[in-house]
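Naming follows writing order (A, B, C, D and E), and every chain is counted from residue 1.
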Amino acid sequence: MTMESTSRLQKILSSGEFAVTAECGPPRGVDPEIIRKKGELLKGCVDAVNVTDNQTAIVRMSSIAACAHLVDMGLEPVMQMVTRDRNRIALQSDIMGAYSLGIKNILCLTGDHQTFGSQPDALNVFDIDSMNLVRTVKTMREEGRDMSGFELKGSPKMFIGAAANPFADPFEYRIIRLAKKIDAGADFIQTQCVYNLDRFKQWMKMAVDEGLTEKVHILAGVTPMKSAGMARYMAKRVAGMDVPENLIQRMGGVAKEKAPEEGLKICLETIAELREMEGVHGIHLMAIEWEEVVGEIVAGAGLMPRP
Amino acid sequence: MNQISKQQQLPEIKEVPSRFRNTIGKFTIKRSAACISCGLCAELCPYGVHLRYENYSKPMRPVEHKCIGFECRQNEYYCIDRCPQKALTLRLNPVLETLGDFRWPAEMLLAHWEMAETGHLPVVDLEYNLGNSGGGFDKIRFKLPDSEKYLDVSDEAMDLSLDLNKRRDGRPERRLSLPCYSGGMSYGSMALTALTGRARAAQKLNTLTCTGEGGYPEEFIPYADYVITQVATGLFGVREQTIQYAPVIEFKYAQGAKPGLGGHLLGDKVTPEVAAMRETVVGSSLFSPFPFHSVYSVEDHKKHVDWVKAVNPRGLVSVKVSTPTDVDMVAVGSYYAGAHIIHIDGSYGGTGAAPDIAKKNIAMPIEYAIPKVHQFLKEEGIREEVCFIASGGIRNAMDVAKAIALGADGVVIGTAELVALECVRCGNCESGRGCARGIATTDHELGRMISESYAEQRIVNMYMAWRKQWCEILRQFGMQSIRELVGRSDLLVHLDYLDETQRAQYQPVPRHRMII
Amino acid sequence: MPKKYHIPTKTAPPRFHPVGKYTTVEFRENCAGSCRMCVKKNCVYNIFTENMLHASTMAEPEYLYTCMSCFRCIQECTRGIFSRAINPDYRTLGDDYWCSDILHRLWYQAHTGKVPVSGAGYRGPFVAPGFDSMWTDMSEIVRPTRDGIHGREYINTCFELSRRVTRLEFNPDMSLASAVPPILELPLPLLFRLSPDLMINEHLLVPMARAAQVLGTLMFVRPQDVTPALSPYAHSLIPCLTEADFKEHGAMIGNSRVVELADAPGIEKVFNAIRNIQPEILLMVGIPLDSRAASRAADLSLTGVDSLHFYADEHGNELNAASPRFLKEMVREVHLKLVENSIRQKINLVFSGGIAMAEHMAKAIICGADAVTADHALLIALECRLCGRCRDGLSCPVKLDEPLDMQWGSARIVNLIGAWQNQLLELMGAMGIREARRLRGEVGRSMWFEDLEREHFGPLFGERKVSGLG
Amino acid sequence: MRNGSKVKVTVFHCINVFSEGDSRLAAKGENVELKFVRLPCSSLVKDVFLLRAFEAGADAVVVLVCPEGACRYVEGNLRAKKRVQWVRSLLDEIGMDGNRLALFNLPPGDSSDAKPIIQKVLAQIGTTPQAELSDRPPAGQA
Amino acid sequence: MIVAEQKPMAEIKELVAPYKKVLILGCGTCVKTCFAGGEDEVAVMASALRLAFKVDGKEIHVEEQTVERQCEDEFIQESAPAIARNEAVLSLACGAGVQAMARRFKSTPLLPGVNTTFIGVLEKPGLFTEECSGCGDCKLAVFGGICPFTRCAKKLLNGPCGGSQNGKCEVSAETDCAWHLIIERLTALGQMDNLRTYIPPKNWRASLAAGPRRLFREDHVI
């Protein structure tokens, strides 16, 4: 792992400390206060805030701008960037612009398909895939050149993240793909929400066996469930999610008003198990539109203070 | 002794599949879109109806002619019931309604295609012994045999041979291994490959084929010892040389398909090759005169026979005539003219094109002529001195056996050999470019549809299947040689001559409403 | 020898798509027919090229007439989507006697003027009722030439409607004492008649009369059907009159060579009245072919009539009988009755009804007729499908109720008769018979099913236990 | 009902359900003019046949097929059904009532059901013969 | 082949409405095979249009013709007399065919009767699937003969996204995940190593990115 960037997240991870990041979706509008409010909630309980890029293909304030607001507040953002909406020209220019605004972390994604979002009629771009985006950022960072080989005046010293989904099919191939992303230049990996711990363990073991955890920091995705309905929805409707039936039962087994409490309980149990797992270097909390609960979870997991 | 051992070397049977992509079967199997390509049907079917090739997950279209149909229901491998998707449907093939005719019903055609393909009698339940004509052979049955007489000998030990020369006149005593040989089909009427294939099959089977009246193509020369040279009224392509090639020379006076008419080849079929062989003009219709313009009496006839005998001192002479009311007299006349073989061609046969009016109306069916001639030759005391051959509407092995039991020594086969080459009897031998199936055609493109080896082996296969049937008949009557069967009309019954209780013992006459 | 008789034929294609025999059953959903190996493109007979045209008028979807049933499309289609069925319209064409096969062949002959030829032997039943239980003989070594080449005699198909004189009488000076009767020789033992069972109109009669003129034969016609359009052909018509109405049609009698009178008791009494109108006229009496026909013929033969014309029904069956006998037996009965009475030579016999094919003409003559008439066959030559719609007052699918091209119509009929004549020549040639006159009553040159069974199977199998054809 | 004139119905039928004689008999209706088109298999009703029947002036088109599972060609009647559905939707699209076209499964050889079926179709389409459709003023001017 | 589907009748009616004499011109190649524009479809379209206008009380004269290929002048020429007789042409060919016609017949309005959808195959009776996008830079050898550019909703080159489950694409449960198929096939071929190597960004210049493409075969030009 090359130590090139000046990212705080990177420092924490490379120091061997268990890292905590949280997700923050920009608003469907222009009001920066909403971002700031979310930032306040997360301040002091996470190491970095992960800002989504038109997630689920719904049009929102741009990730770059939202990140810039957080930088202003003294928080460290992780800028998500999807290849769905930009061709290679826009991607590179946005990366340079973001860095110039003080954004030090990037999470390179392909992005959800637009058919699920607010604009299914849109033309997708997918000029390059996430793998190539990772490599592009790395090349810019380490060689100081853009994709065309042009030498840049100053290079974005970004800490590069990529996503992995241990629960998608075909399972055997998932490790190959992880290795490929690491080869391409990923410094950290953020996984899909972990509910099925058995399968996650199996995946982690394969990653450890392949020696991949030596090369990369893996942050396990964790999402607290608010209700049995949400559990069922994620199990059925969200692509790439694996919510075991026993968890759905468990959520459904308690009274409706008690459900959020039960969700948090599951979440804390999961974090506890994750912390024991070899190769897991941190967690990524995706409390979707429920940011106020992040502090409670981090505290409950005994991970305070942050950073 | 030498003869016998030669006979026992039976030609090899080799599977020769259809030339066509889709075979026609008695049953049809449809695979619906519900099929999930699991391949179970292909694993189950022992008859090879469902094929599934490696790395091709979908089973191929069913090989319908191998399917044994509804009787398969009792088997645990019955694909229709076992298919997990219920995607297969079995039906009687409706196309059979449009195939075949009264004399050659669809099932008889299918069975002969199968025999020619495999060399065995069909596994599928097909009626191949009886036609739908409602008379003649279709009403004649072998008597129920006496089970005590059953002779348990192998097929190899059976003698099915036919002696062509019984005159003991110093000419070769030619013996064929089968009680039949194949009829004249002329160069020009048929694809050359099919003709040569027939000659090759004749060699393999130790029997004969015949040039017809279109001349002697040089492709026949390697098989010359198995090819009859026909001398017909048109004398097309007849030369001293071609007479000298042949073991048997056949005078064709008349033919059953168009008795009293000469042969004719329409202009479309007279290609440059045919024209050269027949020494005529390309594209001009060729009509053979009728009769021999130089023959107006038995004496004239004898003159011809003597001439041929002088040209070819080792040749046997066959005289082919049709079946007028005085066919018996004609036969005896031919004997006195010096013929070794008397060949009577009945009215319902023929392979080539003929006016419909002639095929249907002129001269009598062979079923009547055989006993008439046989009896007359006996009365004249010369039955043992001639080889009496019948032809014309003799379709299958059972017909052959019946004809022999009625009094013939052997028969000549035409149509069945074409059916072995996948003729559908559509009857369009002369129209346009000739046979659309590449059999009776001189069209260069269509003629390429048949290869010599295909034709040879299909014909060999069919006769080998027939041989099995003949052997079984002989065993049932305690005979070891087909010569014992000649004239044994006492072994036959005719359904119309039985009272009702007796008739019930025999297979009834098939009667289907047919549209032809 | 009369001069060489030759019938000029010339292709006359059908106006309507003839009802085809086969139709392909194919599921287009499985194939759009754009494959390089498409059997529709490769059909040897090119029958699929016009396939869409058949569907283009919804008057009636027509199936493939031209399909020759070679099965190559069925067997070679890469998707195996073809099956074949018999066209249901073909199945129901005509009736049991005038079956679809006969209609098809008549259409073919009227179209091309050629003898129907096919390969692969005979396809029909061993024996069938009617004329199909009788075969004609052949001769191995004698055959007259059919067309008189090299100066040899050709086969003569003439017959006469003339008055028969059993002997000539001479005056003492050896001059002829008896009047020489008029001679009317027709080149073909076939006359025309349009059966009133189906359609009769001017559009049909004119081309037929013209064809009769071209062929040198005569056409029976009812006076009520005669229109001015027929006047150019008056010489080729035989008016069918009755005792009651002949006087009204004197002009017609004057223009004709033969006139027919419907039989009635005492009909012979009006013969002289007609001869008074036209002394040269030949008289014919029309008699229903029923159980009394033979004795009536014997009676009438003595009355000075020249010819008798017997009417069977449209299927050639005896009239007014519970289980009618067929033409074959009926002709035989009439003929033998006259032979028995030694008056056969005095009279000419013409039979009508059920003459559907060329062979019927020859076979009826063998049974004892001098000539026969073509009736439905003529209508079929003009594409009639015998659907019977006209009997129900419905429109004709081939528009025979509307004017048609006279040239075309007569060409179709000439073609048909040309083909029939050729076939008659084939049969006579095979028998070695040089004159149609010699064929008459010559049963020795034919073979009958019952006789063949008795003579050839009797000694082998004993006595037949079933009646008829079995 | 059209003034004085009969309603025209074209019936396509598989000969297995409905024989020639039956169709001739049935054709002699009172207020309905029936036209029968015999087919060796109902699958031969191409979509264009159905449309052309309407073009030729039919007020309704009825397709009579064998019961499902009884087709000699196994799937002919199913295909006829699909095509009828497709043409019905096409008729709806072009502003002719899809109900003018109907398919019925009849037991083989039983023609007694045919008349009520045809009456049913006629009841479905109401009383507007096709000819009167074209007499209507063009859309928008009504 | 090029797969197309007929436009809805309402749209076609609108296109045709201004004209009184229209030639419906089919194409006997790809669109015939996908049941969108062969002789049969032309006949159905003609019949349906006539009926549709009859219902509206309008008259229209419709002529039908189908040529072997509408994208080649040699075949287009066959339709020239019919085009001269009509006011407009409703072409049931693919977009290429319509444009080839437009180039040849300058004064006749050309109306497209089908939507050209994709280059595909007949997967099973009645189902056409897109299998090639004509990108001009074929890499099927690497992917075991299955094209991820076309058959993956995200055009991914370096492995599947996280959304595929049970071998199906996240975008539609009816679509096979192309990557699933690739992995299955490469496993069977023993070529999984193909997927360990990194596939660089695609050169889209060979595709539509560089504007309309041209293919010039100099060796075929004298």
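We take it that a residue touches a chain if its C-beta (ideal position, glycine included) is under 8 Å from a C-beta of that chain, and two chains touch if they have at least 3 such contacts.
Predicted model only: the values in this text are computed from it and were never measured.
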Partition of the remaining chains by touching, absent chain E: A | B, C, D
item: Chains contacting each of chain C and chain D, listed by label; value: B, E
item: Pair of chains with maximal C-beta contact number; value: B-C
item: Distance between chain centroids, defined by C-alpha means - chain C, chain E (Å); value: 61
item: Chain A-chain C separation of Cα centroids, rounded to whole Å; value: 97
item: Interchain centroid distance [CA atoms averaged], chain A/chain E, Å; value: 40
item: Mean-CA-position distance for chain E and chain D (Å); value: 35
item: Multi-chain contact sites of chain A, meaning residues that touch two or more partners; value: none
item: Residues of chain B whose C-beta touches two or more other chains; value: 28, 94
item: Residues of chain C engaged with two or more neighbouring chains; value: 25, 28-29, 55-56, 83, 85-86, 91
item: Interfacial residue positions of chain C with respect to chain D in the complex; value: 23, 25, 27-29, 55-61, 83, 85-89, 91-92
item: Chain E residues touching chain A - in the complex, by the definition given at the top; value: 153-167, 170-171, 177, 179-180, 183-184, 192, 195-196, 198-202, 204
item: Of all residues in chain C, those that touch chain E in their complex; value: 28-30, 32-34, 52, 55-56
item: Complex contacts: residues of chain B adjacent to chain D; value: 28, 30, 32, 89, 91-92, 94
item: Partner chain B, residues of chain C touching it in the complex; value: 21-22, 25, 44-45, 68-72, 74-78, 80, 83-86, 90-91, 100-101, 105, 115-127, 132, 135-143, 357-359, 363, 423, 426-427, 429-432, 444-445, 447, 452-453, 455-457, 459-466, 469-470
